[in-house]
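Next, two complexes with chain A in common: one pairs it with chain B, the other with chain C.
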Partner chain A sequence: MTSAAAPIRAKRVLPGFTLSLGTTLLYITVIILIPVLALILKGAEIGPARFWAIVSSPRAVAAFQVTLIAAAIATVFNALYGLLMAWVLVRYEFPGKRILDALMDVPFALPTAVAGLSLTALFSSNGWIGAWLEPQGISVVYTIWGIALAMAFTSVPFVVRTVQPVLEDLDPGYEQAARTLGASEATIFTRVVFPQILPAWLAGCTIAFARSLGEFGAIVFIAGNLPFQTEIAALLAFIRLEEFDYNGAAAIALVLLFFALVLLLVSNRLQAWAARHRGA
Partner chain B sequence: MISISSMTKSFGPTAVLRGIDLNIEAGELVALLGPSGSGKTTLLKIIAGLEWPDAGGLVVDGKNWLALSAQQRRIGFVFQHYALFPHMTVRDNIAFGLSVRPRAERPGKSVIAAKVDDLLGLLQIAHLADRFPGQLSGGQRQRVALGRALAIEPAVLLLDEPFGALDAAIRRDLRRWLREVHQKTGSTTLFVTHDQEEAFELADRVVVMGEGRIEQIGSADQIHDRPASPFVARFMGAVVELPVTLRAGRAEAAGLDARAVERRAMADGPARLFLRPDAIALEADPASPWRLTHKASNGAMIRATLQQDGGLEIPVDLPRHSAPDLSLGSAYRLRPLTGAVFSFDAAPQADAARPLPILKEKRL
Partner chain C sequence: MQAVGVMAPGQSTMIPRVLIGVAVALTLLIVVAPLVYIFSRAFAEGWQVYAANLMHPATVHAIWLTSVVALIVVPLNIAFGIAAAWAVARFRFWGRGLLVTAIEIPFSISPIIAGICYLLLYGRQGILGPWLQANDLQVMFALPGIVLVTMFVTAPFVAREVLPLMQAQGSEQEEAAVTLGASGWQIFTRVTLPNIRWALLYGAVLCTARAVGEFGGVSVVSGNIRGQTNTLPLHVELLFNDLNATGAFAAASVLTLLALVVLVVKTVLETRRGV
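On to the complex of A and B.
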C-alpha cells in the first residue's frame, strides 16, 4: 500500500526525452564540438604572439579583406534578389512557377566545384557571358567580382528559403486592412509586409553571409587565387595545411570562425529587435 | 447613402450573389444576417473594395464606388479576426490610417496623437496604448480594430462577424458598447452576422440573406412574425413544417388547432405551415393523430417529440413549469401560437409580409 504522503509527480506527456536529447547531444559533440575544440586548441598551441603574427601577416590580412568584401557584396546582392525571388514565388501565379521554385534548390544540390567550373566557363573571356562583358571593360573571372559571384550563387537559396514560408503564412488580412485604411501599395509593403518578414530576412542574410565566408569549392576555380589580390581566407588555410603548417591553418580558420560568430551574434540581436512585438 | 443595384458575383461556377438590391440610409445601423455561404461577407467585401462584382451598381453618396479603389473609398473595415498589425503598438495601429495619408493631406503628428487619444478614451482602452496586439485579449483586440477603422472617420463602417470569435458574455458587453459608439459617431454601419440575436438586438434593420439573395428586410418583429419566405421561416427557427389545407385563409389539418395563426389571403388548397418548436402548445385530445413518443427535460424546458400516424415526427418545446402533465403514448392536439403559411408552389407569395426583391424561393 502506498503511503498517502507520497509526493505527486507529474508524468511527462511526451516520452523519450532522455533518449532523444542524449542522441542529439552526442551528435553535436562528435560533429561540431570536438572539431571546433580541436581547432581552438591547435590555434592556441602557438601562443598569442605567434598567433597574432600569422593572422596579421600581409598575405593573411589581404585574404581576410578579400573574403569579407566579397561576402558582403554577395550578401547585399542576395538580400535584394532573394527577397524579390521569394516575393515572386509567393505572390504571383505564372506558368513554370514550380520549375522556378525547384531551380532555387539547385545551388544546394550542385557540388560547389561544378558550380565554380561552369561559372568560370561562362564568365571567362571566351565564355558566353564573358565574351560579351569583356569588351565593355568588365572582367569577372580572376577578380573579386568573380569571388562574389560564386558566393552569391551558392548562398542565395538561404535567403529565398527563409523568407518564402514566412511570406506564405502572412495573413492577407493585414494588407487588406491597410488598403481599406488608405495606404498605398508601396506603403503597405514598407510598413506592413516588410516589418513582418524582417526577422526571417535577417536570418536568411546572416546564414548566406556565413556560408559565403566559408565557401571554397566554387571560388577556387573562378578566383585565380593570386595572393594579395584574389586569394580567399579559406584557400589560404588550405595552402597552410598542404604545407603541413597546422597551426597556421588553425589560426586563419579561427579568425574566420570568429567573424562568423560575431555576425551571428549581431544578427540574433537584430532579429530579436525586429521580432520584439512577439515576446508577449 | 449606400445604394446597391442588381449586383451579381460568381467565384468560378459558384454564384455567390444572384442579384442584390439594397439601399442603406445615412447613419443607419444595418445587419446582414444569413447562414454561411449566403454571400453576406462577399457583399460586405465588395462594398469595401476588397472584392469586385461581376455586374451591378454600387453608388455611395452619389459617387460610383465601383470606379474607386479600396484606398479611395474611405471605409472602416473591421475584420473577423481583426487583422491588427502585430508589429505595431495599439497606438500605432489606430494611427495607421492617418499616418499613411499623402503628405499634403496628412494631419500633423500632434493632431494624430490627439485623435488617437480621443479614440482610446472612447473605446476605453487608454491603458493598453503601448501594448502590442499579441498581448491583448480577444475583446480588447476587437476594440482596437474598431478604433483603427474609426480613426479615418469613415464614410461607411463595415464589420465582418464582429463578435464571432468572442465568448458569450464579452459578446453581449461589446454589442451594447458598439451600439453606443454608433450613436456617438453616427456613421453608417453595416455588419455581417449569422447570429440572429446579435442582428436583432443591434441593428435598426436586418437584411436576411440566403444563397446569394436577399430574402427579407425588416425589423426583428416583422421578420419574426411575418417571414417572407420558407427560407426565412426556417432560418428563424420554424423548423416544424406541417402539410395543411387552407380553407378561407385558415390552416387546417387533423389534430391541429391553428386559430391563433393569422389568416392568409391565399387560395384554398394544400399549403405548408411553418412553426417554431417553442411556439406550440399541446392539449390532450384522444381524437388527434399526434402521439407523444419521447420527452426529456433540460430543467427550464421540456422537449417533447410527437409522432403522427403517418410517421411524421416533430419536436415541441414547452416551459417545464407551465407544461401540462404529459404521458407517453397519449394523443395531443397541436395548438400553434404563431406560424407562417406558404403555398406549395415555388413562386413568391402575393401577400408575403414585406414586398422585397425576393426572387424564386429555392427548395432546400
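On to the complex of A and C.
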C-alpha cells in the first residue's frame, strides 16, 4: 500500500494524512477487527462436526426459533407502526408534533436495560398495563409476546427514521396529478406514494429485524428466560460463557454474526435501491 | 361544509384525525408509559427512600464507574471520529470504501457478540489469555475490558456524524489556509473545527448516551462484581434480580434523566444545524 500511496502523496495539499489514517487504522484494527477475528478463529478451531452438533442441539434450535419468531412479530408490528409514525410526522400538522417526533428517539437514547425493566414492570400483573391485560387472559411478561414487545420498542426508530426523509423528499406533483384524475386517497397511497417509499420501508424493516435478533438488554428482563420456551439465542450464548463452554458460546455467536452480516448486505442493497429510486 | 370539489373535504379531515389519534395512542402506550412508569416506581416509596436508594454505596459506585468509562471512551471516540473523518473526507487512497464499512461494523453486530469476541481474545482461555496471565495483566472482569467493549460498541458514533458533513463541505477552505501558510493544527482549530462543531457535539452526545447505557457487551466482560465492575445498567439488573424493584427503578431513573437530557440536546442541535 505504501508503494501505491507514494506517487499520490506528492499531490496532497492538506497535512495529516499519515497521522489521521494511522490513528483510524490502529483504532479499527485493535478495537474492531482483531476481536471479531478472534471469534472467527475460535469458530474455525471448533471444527464443522462439533460446530453443527452445538448449533443443532435441541436447546439451541429452540433458542434460534424463539429469537426469529419474536423478531418477526416485532418487525411486522414496527413495519406498520413505524410507517404510520413516519406518515403522520411528515404529512400532518398538529399540536405536539415536535414532541411526538422527539419521542421517536427515546428507544435510541434510553439504555436497553432501563427499557426492559420498565416494560417488564408495566406489563406484569400489578403494572399499569398488565393489571388491565391479565384479567382478559393476555399475558405478556415471560412469554414470547414480551420478547417481541421488547424488540419492537428498541427497534422502531429504525423504520421511522429510514422512511421519514424519503417521504419528506417525495414530489407532490404525482399525488396532485392522481387527485385531479379523480383517484381516491386510498388509491393515491397504494398506487402513488407507497411504491416510492417501498425500498426505504423495506430497508428500515430489515435493519429493525437485524437489531431485534441481536437485542439482549431489554429482553433478559421481560423474557423469563426459560430454556426451550423464552430463551433467546444471545442469552444462550451468554449462559454458555458463564458455564465456561467457550465453544458453545462462540458457535452460537457466529450464527448470530452470520445473520447480522447477511441482513446488513440486504439492507445495503435496499438502501442503494432506495437511493436510485430517489435519484430517478 | 363546502361542496364536494377535487379534494372531498369531509374525507380528508377524518382520515388524518384517525391516523394521528392512533399514532399518538400507540406512542403513549409503548414509549411514554414506560418512561413515566420509571419515575412513578422510583418515587413509589417517597423521596426519602429514593434518596437513600441513590446514596447506597453500591449505587454510588456504579454511577462512578459508569462515569469513568464514559470519560475514557468519549474523548477517545471523538479523537477517532475526527481522525477517520479527516482521512476519509480529505484524502483519496486505496480501500477508502472498505474503511468506511469497517467503521460501521459495530452497528450491525449485537453487543453481546462483541462481548464474546473480547472474551475469546482476552479471557483466561482466550488467544492472549496465557500471555496476559504471565504478565499479571487483568483485562476481563476489570475496567479495561469494560472500556474496550464500550469502545467497540460506540466506535461509529462521532465518525458517522462528522464524516458526511466534512465530505459535503469540501476542502477548499482548508486548502486556502494551507496556501496562506497555516500549520496543520491551525487549520484544524481555526477552519475545520468551527465548521464541524455541531456535528461533533451531536456525535459526542449520542456516543455518551450509548457508552453510559451499554448493557449486553459489558455484562459479558464485567463479571458483575458488586462494588467493583458493576456499571449502572448492570446494577439495575442486579437490584431487579435481588427483588429490590424500587432500588432498580431509582438507579434506572438516573439513566432515564440522562436519556432525556440527550433528547433535548439532540432536538436543540438539530434545529441549530437545520438553520
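Here, the second predicted complex is superposed on the first by the 225 of 280 C-alpha atoms of A that agree within 3 Å, B and C clash if a C-alpha of one lies under 4 Å from a C-alpha of the other, contacts with A are read in each partner's own complex, and residues count from 1 in each chain.
In this section, contacts are C-beta pairs under 8 Å (C-beta built on N, C-alpha and C of every residue); 3 or more make two chains touch, one makes a residue touch a chain.
Everything numeric here is computed off the predicted structure, so don't read it as measured data.
In the superposed model, A:179 makes contact with both chain B and chain C.
When the two complexes are overlaid, the chain among chain B and chain C that reaches more residues of chain A is C.
Within the superposed three-chain model, A:196 lies in touch with chain B and out of touch with chain C [touch as defined at top]. By the touch criterion defined above, A:213 reaches chain C but does not reach chain B.
Put simply, chain A uses residues 179-180 to touch chain B in one complex and chain C in the other.
On the chain A side of its complex with chain C, the touching residues are 1, 4-5, 8, 12-17, 19-21, 23-25, 27-28, 31-36, 38-39, 41-42, 81, 84-85, 87-88, 91-92, 94, 96, 98, 100, 102-115, 117-119, 121-122, 127-129, 152-153, 156, 179-180, 185, 210, 213-217, 220-221, 234, 237-238, 241, 244, 246, 249-250, 253, 256-257, 260-261, 263-264.
Chain C contributes residues 6-8, 11-12, 15-16, 19-20, 22-24, 26-27, 29-35, 37-38, 41, 76, 79-80, 82-84, 86-88, 90-95, 99, 102-103, 105-106, 108-114, 116-121, 123, 125-127, 148, 151-152, 155, 171, 174-175, 178, 183-184, 187-188, 206, 209, 212-216, 219-220, 233-234, 236-237, 240, 245, 248-249, 252, 255-256, 259-260, 262-263, 266-267 to its touches with chain A in the complex.
The touching residues of chain A, counted against chain B in their complex, run 171, 173-174, 176-184, 187, 191-192, 195-196, 277-278, 280.
For chain B in complex with chain A, the residues that touch the partner chain are 48-50, 69-77, 79, 81, 83-89, 96-97, 100-101, 132-135, 148-149, 152.
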